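First chain written, first letter: the chains are A, B, C, D, E and F, and each begins at residue 1.
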Amino acid sequence: MQAVKRVEIVIDTLELDRVLELLEQSGISGYTVLRNAEGKGQRGVRSGDDVTRVFQNSYVLAACSAEELERVVTALRPVLKRVGGVCLVSDALWLMH
Amino acid sequence: MDLSVATDSLLSPPILFFFLGLLAVLVRSDLEIPQPIPRFLSLYLMLAIGFRGGVELGHSAPGAREIATLVAAVVVAALVPIYCFWILRRRLDVYNAAAIAATYGSISAVTFVTATDFLDRAGIAYGGHMVAAMALMESPAIVMAVILARLALRRSGVKNQAVGATPDRSWSHLLRDALFNSSVFLILGSLLVGIITGERGQATLEPFTAALFPGILCFFLLDMGIVAARRLRDLRASGAYLLGFALAIPLVNALLGIGVSALLGLDTGDALLFTILCASASYIAVPAAMRLALPEANPGLSLPLALAVTFPLNITVGMPAYLALIERLGS
Amino acid sequence: MDLSVATDSLLSPPILFFFLGLLAVLVRSDLEIPQPIPRFLSLYLMLAIGFRGGVELGHSAPGAREIATLVAAVVVAALVPIYCFWILRRRLDVYNAAAIAATYGSISAVTFVTATDFLDRAGIAYGGHMVAAMALMESPAIVMAVILARLALRRSGVKNQAVGATPDRSWSHLLRDALFNSSVFLILGSLLVGIITGERGQATLEPFTAALFPGILCFFLLDMGIVAARRLRDLRASGAYLLGFALAIPLVNALLGIGVSALLGLDTGDALLFTILCASASYIAVPAAMRLALPEANPGLSLPLALAVTFPLNITVGMPAYLALIERLGS
Amino acid sequence: MDLSVATDSLLSPPILFFFLGLLAVLVRSDLEIPQPIPRFLSLYLMLAIGFRGGVELGHSAPGAREIATLVAAVVVAALVPIYCFWILRRRLDVYNAAAIAATYGSISAVTFVTATDFLDRAGIAYGGHMVAAMALMESPAIVMAVILARLALRRSGVKNQAVGATPDRSWSHLLRDALFNSSVFLILGSLLVGIITGERGQATLEPFTAALFPGILCFFLLDMGIVAARRLRDLRASGAYLLGFALAIPLVNALLGIGVSALLGLDTGDALLFTILCASASYIAVPAAMRLALPEANPGLSLPLALAVTFPLNITVGMPAYLALIERLGS
Amino acid sequence: MQAVKRVEIVIDTLELDRVLELLEQSGISGYTVLRNAEGKGQRGVRSGDDVTRVFQNSYVLAACSAEELERVVTALRPVLKRVGGVCLVSDALWLMH
Amino acid sequence: MQAVKRVEIVIDTLELDRVLELLEQSGISGYTVLRNAEGKGQRGVRSGDDVTRVFQNSYVLAACSAEELERVVTALRPVLKRVGGVCLVSDALWLMH
C-alpha cells in the first residue's frame, strides 16, 4: 500500500467541469464524482431543487501524490474564493494492484 | 373585469394543484415530487409546447405581423432589463441589480405554458409563432444584464471582474449558454420538428403532446407550489423594496406588453401570451446563467422573487386581469 | 364463488405484471424499476384516484349513507389495531406488537387502487366517497397504536419512551405526520380539486387520470412484485406465528368489513372497496410513522408481512373471494 | 429505391428528435434527460412492444412459418458472431474481438422499436412473433462469443481466464445473465401477459401501450442522440479498421437477413424487422454481459461502434434502404 | 491550510433533519449531505426501496473545529443509540480561501 | 471513541455485490454504499449514462478493525487487478454508542 493524499472537494455542480479540468492539469488523472450533493456553508443552504437547478453541489474524491496536491491546491484556491465550496485534504494508503 | 373568467382560472385544475403544493409546505406535509421527475415533466412541457407551436406554424407561412411580433419580443426582452437595472440600483450593488434585471427581462416557460392552458380552457385561439417568441425572449436579457454590469463597473472604476475579464468568463461562453441553454434549445428544436413533420407528425404524437398536457401541467404545478412555498421563507432576506419590486414590475411589464400588442394589432390570444411573457420572470435559465457570468450575484435574492412572488402573481390574478384589460382595449 | 371472476382477476394485466415482478426476483433477473420512478407512479395513482373520486363526489351531495360509511371507516380503522395488538402481544414485545397492529389497522392505497381497477373490469360501479374513506382510514391506526403502546408500557412499569416522553416525540409531531403524510394529503387534496373542478376539470384531465390509469398500475405492480419478492426472504425472521397472523387477520378484517357493509346497506362496489380497505395493511405510511413514533419497533418485521404476504393475498385471491361473499350475502 | 419513403423516414418525429439530440451535443447545449428517466422510457418501450406483440400473437396460433422464423432468428444470432470474430481477429486481441462479435450478433431493442414505428407510419403490417424473435436473438451471441474466446485462447495456449475458469465466472452465471437479463425478461414477460389477456387486456392498456408509444419513442431517441453524440469522440480510439467494420458489417448482416427472409417467404413487414434485427448491434445487454464474462475486453471500444455508428446508420438510411431492397426482391 | 476535524455521519434519512439541527446547535454551520445511501449494520440491511421508503440512509460530511466536534459528539450519541447509524471522526486539512 | 480503519472502495457497480460479499467474508458486517458514482482512472472515463449502464461506479465506505482490514485487502486485490477500481485506507475514530 502506498501513502497518498486524499483530496475531497465540494463544489457547485455548475463549476464541476472546470474543477475536473484543474485536476487533470495538475496531473491528477484519477478521481471519483458524486453528484446531487446538498449542503450548507457560508453562502447559505444549497439543496438543489430540480426546478431551478441553481443550488446543487458535487462531491469529488481524488487520491494523489504530494506534488500533485500542491499543484491542485494552488489552482483551486481562486476558484473556491470565487464560487465557494470546500476542499479537505487527509492522508491515506492506496491499495495498489 | 369579468369575474367568471378570473374564478374559472383560479379554480382550474393546474392552479388548484399549485395551491395544493403551497399548502403542503404550509401544513408541513412530507409531500414531495422526487428529484429528476420535475425536470422530466418540464422537459415534456417544453417539447410538447414547442412541437404543437411548430405544427401550428407549419400551416401557413408567417406574415408581416408574425415577424413584427418576433422582433418586438426580442426588443422588449432587451429593453426591460435596462429600466429594471436602473430601479434596482437604487438599493442593490451592480451584480445583484444586473442579475435581477436579467431575471425580469427574460421569461418563464411554465408561466407561458400555464397561460396557453388558460386560453385553451377559455376557448381563445393563439398562434404557433408565440412559442418562437417565447424562446427568443429567454436570452437577450442575459446578454443585456452583463453589458449593463460591465458599463456600471467601468464607470464606478471597479476593476472589471465580469464577462470578458478572464478566459473562463469569455463572451463566447456566455453567448453559447444564452443561445443554446436547454430550454431555448428544446423549444426551438421541437418547434422545428413540428414545422417539418406537420399534420402527419401531429397525428401520431397528439396523444402524447396534447392529450396528456393538462395532466402533466397539473403535476408540474403541484411541484412548483411546493418549491415556491419553500422559497417563501427566503424572501425575508429580500426586504420590502425588492418585494415591492417583484409585485409591481410584472404589472409594469404587462402594461408594456399590452401596449406593444395593441400597436402591433395582435389578436386577443397572442396579445395575452405576449403580455404574460413580458410580465413573467425567469427562475431557471437566468439564475443558472448568472451564476456563471456574474457569480458575485446572490441567486438567493433573485430566485425567491421570481419563483415565490412573481410566478404565483402572474398565474393567479395576473392572467385573468391582463386578459380583461386586453379585451377592454380591443372592444 | 364464481370461478370466472377469480380467473378474470388473476389473469388481468395488473396482477399478471405483479406476478412477473415476483418471477423476476425468483429467476434472479436484473430487472428493476429505477429508484424515483416507482415513487412517481404511486404519486400518480393517488392523484388520479383522488381526482376521479372528487369528480364523482361532486355530482351529488353525499347522503346519510355516504357519511355513515365515512364514520364507520374511521371507527373500524381505530378498532382493528386493538384486537390485533392483543393477539400480537402473545408473542411480541409492546413496540413491535403496536407497530404491526398499526400496519393492519391502516390501509394500502395500492390495494385499493387495484380493487378499483378490478371493479372497472367487472363493470361494477362504486362511489367517489370511498376514496375519502380510504384517506380517512390511513391515520387513526397510527394514533391508536401509540396510545396502546403507552398504556401497555405504563402498566408494565417501563419508563415511558414513547410519544410525549421527549420533546422530539411530541404528540403534535405525531398528529401532523398522521394527518398530513404525503399520501393522505395528496389523495384528499386531489379529491378536493376533483370536487371543485367537476366535469370541466375531468374533461381536460381524463386522458391523464383515466386513460393512462391501467397502464401505470401495471407498471407499478411490476415494481411491487419485485419489491415484495425481495422482502420474501426477510420473512424467515418473522416466524410461523406472525406468518399465520399475516395470512389470517386480513380475512378476519375482511369479514368485519363485509359485516359493516351489510349493516350500512352498501352497494356491491362500495362494499368490496370497504372490505378491501379493512383487509389491507399499510407498508408505506405506517412503517414510516412508526420509525419516528416507536423507533424501538423493527420495521424489518412488519414490512415483509404487509408487503410480501398480505398485499399479494388481497390482490390475488382476496378480491374475488370477498366479492363472491358480498354478492352471496346481497342476493 | 423509393426516395419518398427514405425522406418520410428521415423526417419522421422520432428520427428528427434523434438528430436534435446529436445537435444538442454538437452545439454544446446543456440539454440532458436526467438519469433514471431514459431507463424508465426504455422499460416502457419494451413493456409496450412486448405486450402489443403478445396480443397480436394471441389472435392466432403460430404456424410453421412463424416457428421457422424463430428458429432462423436464433441460428442467425449464433452465426453472425462467428464471422465477425474471424474478421475482427485480424486486428484485435481475442477478448475485444469476441466482445465486439457478441455486440453485432445480438440486437438493439430500440432499433427494432424504431423500425416498428417506421412500419406503422408506412402502413405496413408485421406479426407479433417478431417481438419474440427479437427477444430470442439477444442472448445467443453472448454465449457464442464466450465459446469463441475460450477456443481461441486454448489454441493460442493462453492460460484460460474466461468463463468457467473461476467460480465467479461460471457458466451458470453467464447463462442466467444471458437468459434473464432485464430486457429479454421484460419483453418475453410482457409478451406472455399480452397473449394471456388478449383483446380485453388490450382494451384497457391501449392508451398506455399504443397511443403514447410514438411520443415516448421521440423522447427516448432524443436521449439516444445525446448519448450517441457523446460517444462519438470515443471513436478516435477505435481506428479506421473498426470504424469501417461498424459501417460495413450491418450491411452484410442486413443482406443475410434479407436472404433468410426471402428463403422463409416472409411478408414485407416481418422481413424488414428480421433484417433490422440482423443489422443492429447491442449497446446495452451485451456490453454489460461482457464486462462480467470477459472483463479483459474494453467496452470503450465496442460501445461507441454500436451506439454512435451502427445505431444511427440503421435508423436513418438503413431502414428505408433495407425496405427498398426487400420490396424489389418481393415484386 | 488549517487543521480541522472531519466528521462523517451515516444516519436514517428520516432522522436527517434532526442530525443537521444538532450540527447547527453545536456551532457547525457547514456540511454536505449525500442522500440515497444504502448500507448494512447492526440493524440489518438498509437498501432503500422507494416503495416503502423506510430503509434509507443519508451520508453527512462536516469539517469542524475540535470544540465543535466535542459538542456534536455529545449531542449525537443518544440519537445514534436510539436509531442506529455511524459517526466517524478523522483529521484533515481545510484549504482556506 | 474507538480507533478504526476507514476503508473506501470505488468499484464498477456490476462488481458491487461481489465486493460486499468479500467484506462480509472478511468479517466486516457494517458498510455504507453510494451508487451512481462517476469517475476517471486508468481505464478511462466512467460516467454512467443510463442507456448503456456499462460505466457506473459505486462508492463503498466501511469502518473496521486492523485485522478485518488485512483480510479484506488480501481478498480485494485480485478483484481490483481484474476489473479496476480504487481502495483507500485511512485512520478514524468511531463514536461508539
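The criterion applied here is as follows: a residue touches a chain if its C-beta (ideal position, glycine included) is under 8 Å from a C-beta of that chain, and two chains touch if they have at least 3 such contacts.
Predicted model, so just to flag it, every value in this text is computed and none were measured.
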| request: Can you give the shortest number of steps from chain E to chain F, where adjacent chains in the path must touch? | output: 1
| said: Starting at chain B, how many touching-chain steps does it take at least to reach chain E? | reply: 2
| message | Going by average Cα coordinates, which chain is farthest removed from chain C? | response | A
| query | With chain centres defined as C-alpha means, what is the inter-centre distance between chain B and chain F in Å? | reply | 46
| So what's the Cα centroid distance for chain B and chain C, whole Å? | 41
| query | Touching two or more other chains, which residues of chain A qualify? | reply | 34, 36, 50, 90
| request: Spell out, as numbers or ranges, the residues of chain B touching 2 or more other chains. | output: 34-37, 39, 207, 211-212
| task | By the touch definition up top, name every chain pair that qualifies. | result | A-B, A-E, A-F, B-C, B-D, C-D, C-E, D-F, E-F
| chain F-facing residues of chain E, complex | 8, 10, 34, 36-42, 47, 57, 59, 73, 76-78, 80-81, 86-90
| request: Over in the complex, which chain C residues touch chain B? Could you list them? | output: 35-36, 39-40, 43-44, 47, 51, 176-177, 180-182, 185-186, 189-190, 192-193, 196-197, 200-201, 204-205, 207-209, 211-212
| request: Going by the contact rule at the top, pick out the chain F residues touching chain D in the complex. | output: 12, 14, 18, 36, 43-44, 49-55, 82-83
| Interface residues, chain E side, partner chain A - complex | 1, 4, 6, 20, 29-36, 61, 63, 90-95, 97
| task | Could you please specify the touching residues of chain D with respect to chain F in the complex? | result | 35-39, 42, 168, 223-224, 227, 230, 283-284, 287-288, 291-292, 295, 298-300, 303, 307
